[in-house]
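Note that subunit A is present in both complexes that follow, paired respectively with subunit B and with subunit C.
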Partner chain A sequence: MAYPQPHPRFSVLSTSSLSSAEHLSPGSSSRFSLPSAPSINTASTPKPGTRPNIYDRPLNKTRNAEVSSAAFAFLFSEIVQYTQKRVSGINDLERRLNTLGYRIGTRVLELMAWRNESASKAPKRETRFLPALMSIHTHVWRAVFGKPADAIEKSVENADEYMIIDNDPPITRNISVPRDMSSLSCSSFTAGIVEAVLDGLGFSARVTAHNTPTEQFPNRTTILIKLEKSVLEREEALKT
Partner chain B sequence: MAIFGLWVINKAGGLVYERSFGDGLPHLTSNEYLVLAGTLHGIHAITSRLSPTGSSSGAHVISGETFKMNILLTATGTKFVLLTSLVEPTADSVLQKVYEIYADAVMKNPFHTPEMPIRSEGFDTRIGALLG
Partner chain C sequence: MSHHLFLLSPSDTPLYSLTHYSSKPSQATSSPLASNLPNLSNWSSSAFAGTFNALSGATSASQAQQAQGGAARIGGGQDRRHVIQMIANASLDAIEEVMRKDSVMYLKSVDKFNEWTVSAFVTPGNMKFVLLHESRNDDGIKAFFNDVWELYVKTMLNPFHTAHTPIRSPVFDARVRASAKKYL
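And then the complex of A and B:
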């Protein structure tokens, strides 16, 4: 599953669609573009009766708010269908889902850091890989899915590979992948979230999702983290 | 006290899902099933216009000497038909559960095309768990 571009995480466009969208330069970081939101007017006070801008709402108010899982399931289903119409293959589809997840992951990390800062007296930033992985397994999963992931594993064969395992990922609970696309895992979306959080914490990695069904858990999914060499070298240097 | 079969008929009268349970039902070809579903769709459309007092949702139960057909019409026009024995008090609640499973495993599945035959592993498994 090699990325065709040197820096794929800076482009939401697949290689196949680049030609048809030349007005977007391939190197631009369109992944970080803001959605078209009402422009923020700093000069005048908002008119009475108008709803406050979504960006001005208190962030802590939604700390324990929950989203209807049915509404999300329909939205995610549409996202997958929309994406599927615009790609040339399974790898391309997974990469795009990953890109969409990446945009969420950057925001999740920012929000979690912000909340952590206001909630605890001694807010801490994870600088070592294993605690960071633990915090993704527990805190990121709880913030995004409302429950911690089920397991963390370290690859026996490759020192740079780690796995987060979810026995029944909520976002793919209602998805049945047809047999001719059986290698597709819609959890690539989750992989994108994990990749963004790791990137934001300074652990560059390539994250992919794989179906690893068992008798007991037919939807079991493994999020595979392949760390970059520089991260391993730094970890080694920090070891005292 | 037995459930023999389940059909799902789309709003155009096409059979999109058919499954038999146990050995109670004689084996019919898929063409015969399609004709049956289409006919039932027509009968249902007529019965819904027969009501003497305002609007009606059409036939709920059609019964024979040895079995009955329980029909659930949803708001979108999809029909669920459950073939059961004459005395089957759970038929209505089973149909509601089937509707729920359909909403979850079929409508929320990005790989399902609306109004087309249901080929979803998740739906099969959950129906099997409910009725099998």
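And then the complex of A and C:
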């Protein structure tokens, strides 16, 4: 080729694979921190058949790994767009995002518990609601977003409602919701994660996300947890 | 001496089961049926007769064998398998009762039935690992459960795994067997 490549990024589609191979290799960018993932670039793996098995990969290797927030924002925007094409309204969209988050939540719960407890002599689960809520507020948030949530509140009117408040949720930082959809909160995804964690621990609940902007924090989001009656009754019974 | 492991999903669907024969010497005299246990795919018509015999105690099982002849030998193995599944299922009630009050994941000796003791392990996501064993071996069982837990977490991180997918991975099976050999 006589003319220079316009930009190394576009060379992925070009026939000259020399520069594209370099660029595709995950090793060249230190921002994507998935070191244990099998490389897409086949040059670095000896044979296609000898991919490391999932059971060979240590679970603690990616403990402190972080994903670039730009990459995540891109992925999440695609998720929202993909979902929005397939739904009939805002409620449906929120429900779907919740379902997607639920799949994450079940895994977050098990992995987090394994990382925290497997080394201890007698691994423990949370069996009471308030400690479980505290652990979601701090541990789950830290595992997923890298920082604890900002507040926990208990509803004054309804005994079965609790709220987790995040002043600036990282996953919706780059999302601007159109005015005609103003009731939509993309944090439904987070609500799904919370719902899965509570469900796994045995506290069935309906979890929804709501925008509650304040002057100081225009992105402030409330994750509303509405517990099922049976959970409240059990908590009452265990109190004594 | 044999061990029986069951992995049950939160909705009590069995996802994986394993029968392990320990090479370690057993204190109790093994029952005559222990020799012809698993890997039998044919179902005997006399299944229930044997089940009741086994329920009433392993000692009476030899009589059933004599009475029913050769066919009962095959049926005997199957029956024992049914009984073991039934004991494991019955112990779920005991497990659910204990796990609400007690926050530890490893519940040792939650249930007893004839010669079997049932130990369980409940993960935070409400997966239950149920192990039937004949002798006391708390530390070994705990270490074994810990290994199974790690393997299970790795399994469930796979996006294609759901809470109701049976675990069929040969690697998972091999790892669990290796761990059972080591600790049980």
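To be clear about the criterion, the second predicted complex is superposed on the first by the 180 of 240 C-alpha atoms of A that agree within 3 Å, B and C clash if a C-alpha of one lies under 4 Å from a C-alpha of the other, contacts with A are read in each partner's own complex, and residues count from 1 in each chain.
Keep in mind that, in the parts below, a contact is a pair of C-beta atoms (placed from the backbone, for glycine too) under 8 Å apart; a residue touches a chain by one contact, two chains touch by 3 or more.
Everything quoted here is computed from the prediction, not taken from an experiment.
In the superposition on chain A, A:Leu227 makes contact with neither subunit B nor subunit C.
When the two structures are aligned on the shared chain, A:Pro218 is found in touch with subunit B, with no touch to subunit C.
Once the two complexes are overlaid on the shared chain, A:Val140 sits clear of subunit B and of subunit C alike.
When the two complexes are overlaid on their common chain A, residue A:Ala70 makes contact with subunit B while staying clear of subunit C. In the superposed model, A:Ile90 makes contact with neither subunit B nor subunit C. Judged by the touch definition given at the top, the superposed model places A:Ala191 against neither subunit B nor subunit C. When the two structures are aligned on the shared chain, A:Glu78 is found in touch with subunit B, with no touch to subunit C.
Of the two partner chains, subunit B is the only one that A:Ser176 touches; subunit C does not reach it.
Partner contacting the larger number of subunit A residues, of subunit B and subunit C: C. For subunit C in complex with subunit A, the residues that touch the partner chain are 10, 99-106, 122-127, 146, 149-159, 163, 169, 171-172, 175. Partner subunit A is touched in their complex by these residues of subunit B: 104-105, 107-111, 119-123, 125. Across the complex, subunit A meets subunit B through its residues 70, 73-74, 76-81, 84, 174-178, 181, 186, 218. Residues of subunit A that touch subunit C in their complex: 53-55, 57, 59, 103, 106-107, 109-111, 113-114, 117-118, 122-127, 200-202, 234, 238.
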